[in-house]
Amino acid sequence: MALTKEQIAQRIARELRDGFYVNLGIGIPTLVANYIPPGMNVVLQSENGLLGMGPFPLEHEVDPDIINAGKQTITTLPGSSFFDSAMSFGMIRSQRIDLTVLGAMEVSEEGDIANWKIPGKMVKGMGGAMDLVASAKNIVVAMMQTNPKGESKLLPRCTLPLTGKRCIRKVVTELGYYEIKDGAFHLIEIAPGVTVDEVKAKTAGKLVISDSLREMQL
Amino acid sequence: MNKTVPNADEAVKDIPDNATIMLGGFGLCGIPENCIAALIRKGVKGLTCISNNAGVDDFGIGLMLKTRQVKKMISSYVGENAEFERQLLSGELEVELIPQGTLATRCMMAGYGIPAFYTPAGVGTEVAEGKEVRVFNGKEYLLEHAFEADFAIVKAWKGDKAGNLIYRGTARNFNPLMAMAGKITIAEVEILVEVGELDPNEIHTPGIFVNRIFQGEKYEKRIEQRTVRKA
Amino acid sequence: MNKTVPNADEAVKDIPDNATIMLGGFGLCGIPENCIAALIRKGVKGLTCISNNAGVDDFGIGLMLKTRQVKKMISSYVGENAEFERQLLSGELEVELIPQGTLATRCMMAGYGIPAFYTPAGVGTEVAEGKEVRVFNGKEYLLEHAFEADFAIVKAWKGDKAGNLIYRGTARNFNPLMAMAGKITIAEVEILVEVGELDPNEIHTPGIFVNRIFQGEKYEKRIEQRTVRKA
Amino acid sequence: MALTKEQIAQRIARELRDGFYVNLGIGIPTLVANYIPPGMNVVLQSENGLLGMGPFPLEHEVDPDIINAGKQTITTLPGSSFFDSAMSFGMIRSQRIDLTVLGAMEVSEEGDIANWKIPGKMVKGMGGAMDLVASAKNIVVAMMQTNPKGESKLLPRCTLPLTGKRCIRKVVTELGYYEIKDGAFHLIEIAPGVTVDEVKAKTAGKLVISDSLREMQL
């Protein structure tokens, strides 16, 4: 069985380590926050100027001055800090963020990523995505392996305008966990009940089945 | 030192048509509501606005789009606005999209008197077109320039009459950066206090960067995405 | 998140010979007294120290000069120290002098992940030798690079166990810049509090930049130029 | 009579305007603070991270955490603010300082300045001087017109290593007030009782006596 979006997030949460500072993008990445292991200290950054993001507020806690990068009302946890956007991206560029999780429209076998612009459609902007992918030392892309038309999003080359070049090393989809190296997607873990043939059918870029391929643990 | 002006209309009265202005805020959080309203009353046209976002249809910079006062937006994300989309597609509005960190840093560098700097954001993308690429320590970076803006308009939580500012929560965002970056900086605050009432250790924007300050009124502080959890 | 270490000796124990370290402070104001003492006890040698000044003969970095632990000083002003002068003239000590604003900005840029930037300080002087000169808006600037330092050692007034720091008065100076700039950042504070006791709006250095923190003891906070007026 | 150092400072104080932010260097420049006209609002910056510097403290007010760039204990005035050294030089480089007053060893007719290094002597460093001279929109040099050997410090070219090139436009010495333009020192004001011949004798660089030369008012 292919993973649900929640399960993709759950798998990515296994990359977390005690003491990590983490930036989670919009979409599936946001769900990762729900799977931080109990007792593990993980600090969430919101690039609009907050470290120590907490859950959504209770109705009476809603504060228009405290939002996340998705413009949602949120709360802060003990030990949090506010800062301006330049310092926020300073943390990102100077690689103080231990893990960055982002969605994508396309990823190439060279590690290129496209996730901000579709020619012919209204372009909303890259927000902080280009800064994040250009700087993060440890990015995981969280996405579905195919687009709504059923076409693979793991490609030889991106067809959409790039967000960043040669910057992605890890991808988790509903089918598996891939490492990108030497110009190929290396399937390291396969989702329970998914066949290698299904992965092959849905991977347009060069695919290498790892010698140590294992079933994904959640 | 007294930099107070009576109200938003006085604060923006010399902003001419075709000026380049910075507007603080992230989404609708920390935006200079009173000055935006005053700019609309004044009817100034042909503005180039540097602001991370473009407001929503009926609030923030969106209000200035409706009145066709904006010629060009320089932003990182402009997604939440149907009128914006219409003007963009019809060619009435120009848009320059910039990575958010680069946008923030180009403001900061203006305030810091650094004309240009190197950043990795956008290398290998269309953002890099026409820009110098340079390698430091084996990694590629783009040359980016400090912004130049005629006016910066920011919103703070507290301020004193000498222009010292303190922000609250994530309403800080681009405000302190833009406050340093305008040729003329206008600050509106929720609470204006006498000189000497703010702790000098807690000031985010020293008054030297601020030319005019006033206490705004009737802050709506609209919420774009009201998200709550159950008790 | 708990980044506390028991004391200064533990905080500096893995600083190896020949490391490049940043030390916060301006003159004797805001210097990491406890860590300097620990470095002397540890006897680490061949250090390259990035610090605005070099202390005085019997305090601050001056103490590490006396024990010949410093190979090179990178500073803007090193005037108040006879032993320093002796070692410099005898060739035992290397010195690189850097304009103070450039020194501060090279620290900041390391923290901001900007590898290089342009600044006007030193154009047309010996500081410009070997550096790229570039014209922006008709004015000449020098290309300067972010520092790289193995360790940054800073002193703050208050801190919490997650590494969030607040400075006091002009003891702030280079400390927040260096705190962002070290590969490993060590902070000593006068008052260490529990996580949650500091107001998130008032934090100068967010804890993400700090790797180790401890409460120092017996702060002397010596005054270099005691100047008073009559009542 | 040539001016005293106090009087040089007094003349420079006449350049102050209400609302000015001012940076005063060590030496004669520091004395300018004593001549701020009563009722005029002038904010002093100390480049180690303070706006709103006040007088020296009373004995019981001495605070080791509050010093000026000369490392002297000082006080703060209402409306002051503390900031880090990068922001401090940011103010300087972005020309938010309305008036900068500095001492000098030599100034040239082209506006070059030397004030940090004497070959053969222990070099203490430039501190913030190079940043200040390279950036300030309005610098006044305050100095004696000759060195201890009696040699003019207003030169065709500086003989000492430069602090900055073509950056000085105004000089006040015990003999007069000069503007530097078109490769010459233009004597605009002459100290009371000083003769033009004395000025000529003590000016090694090109000297132009202004058509509108007037006696200095203090």
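In this document, chain identifiers A, B, C and D correspond to the written order of the chains, with residue numbering beginning at 1 in each.
Everything that follows uses one rule, which is that contacts are C-beta pairs under 8 Å (C-beta built on N, C-alpha and C of every residue); 3 or more make two chains touch, one makes a residue touch a chain.
Note that the structure is a prediction, hence the values are computed from the model and not measured.
Trainee: What whole-number Å value describes the gap between the mean CA coordinates of subunit B and subunit C?
Mentor: Computed value for the inter-centroid distance: 33 Å.
Trainee: Subunit A to subunit C: how many Å between their CA centres?
Mentor: 36
Trainee: Quick one: report the Å distance separating subunit A from subunit B, using the average Cα coordinate of each chain.
Mentor: Comparing mean C-alpha positions, subunit B is 29 Å from subunit A.
Trainee: Centroid of subunit A to centroid of subunit D, CA atoms only: how many Å?
Mentor: Computed from C-alpha means, the inter-chain centre distance equals 55 Å.
Trainee: Going by the touch rule set out above, which residues of subunit B reach two or more other chains?
Mentor: 105, 112-114, 119-120, 167-169, 200-201
Trainee: Which positions in subunit A touch two or more other chains at once?
Mentor: 50, 82-83, 86, 89, 92-93, 135
Trainee: Chain touch graph shape: choose line, ring, star, complete or other and state it.
Mentor: Other.
Trainee: For each chain, which other chains does it touch, given as pairs?
Mentor: The set of touching chain pairs is A-B, A-C, B-C, B-D, C-D.
Trainee: Could you pull out which subunit A residues touch subunit B in their complex?
Mentor: 46-50, 55-59, 62-74, 82-86, 88-89, 92-93, 112, 122-131, 134-135, 161-166
Trainee: What residues of subunit A sit close enough to touch subunit C in their complex?
Mentor: Within the complex, subunit A contacts subunit C at residues 19, 21, 41, 43, 45, 50-52, 76, 78-83, 86-87, 89-97, 135.
Trainee: Where on subunit C does subunit A make contact in their complex?
Mentor: Subunit C reaches subunit A through residues 1-2, 110-114, 160-162, 164, 180, 195-196, 200-201, 203, 206-209.
Trainee: Can you check the complex and tell me which residues of subunit C touch subunit B?
Mentor: 105, 109, 112-120, 134, 136-137, 139, 141, 145, 166-169, 200-202
Trainee: Inside the complex, what are the residues of subunit B that reach subunit A?
Mentor: Checking each residue of subunit B against subunit A gives 26-30, 52, 75-80, 85, 88-89, 97, 99-105, 107-108, 119-127, 157, 167-177, 204, 221-231.
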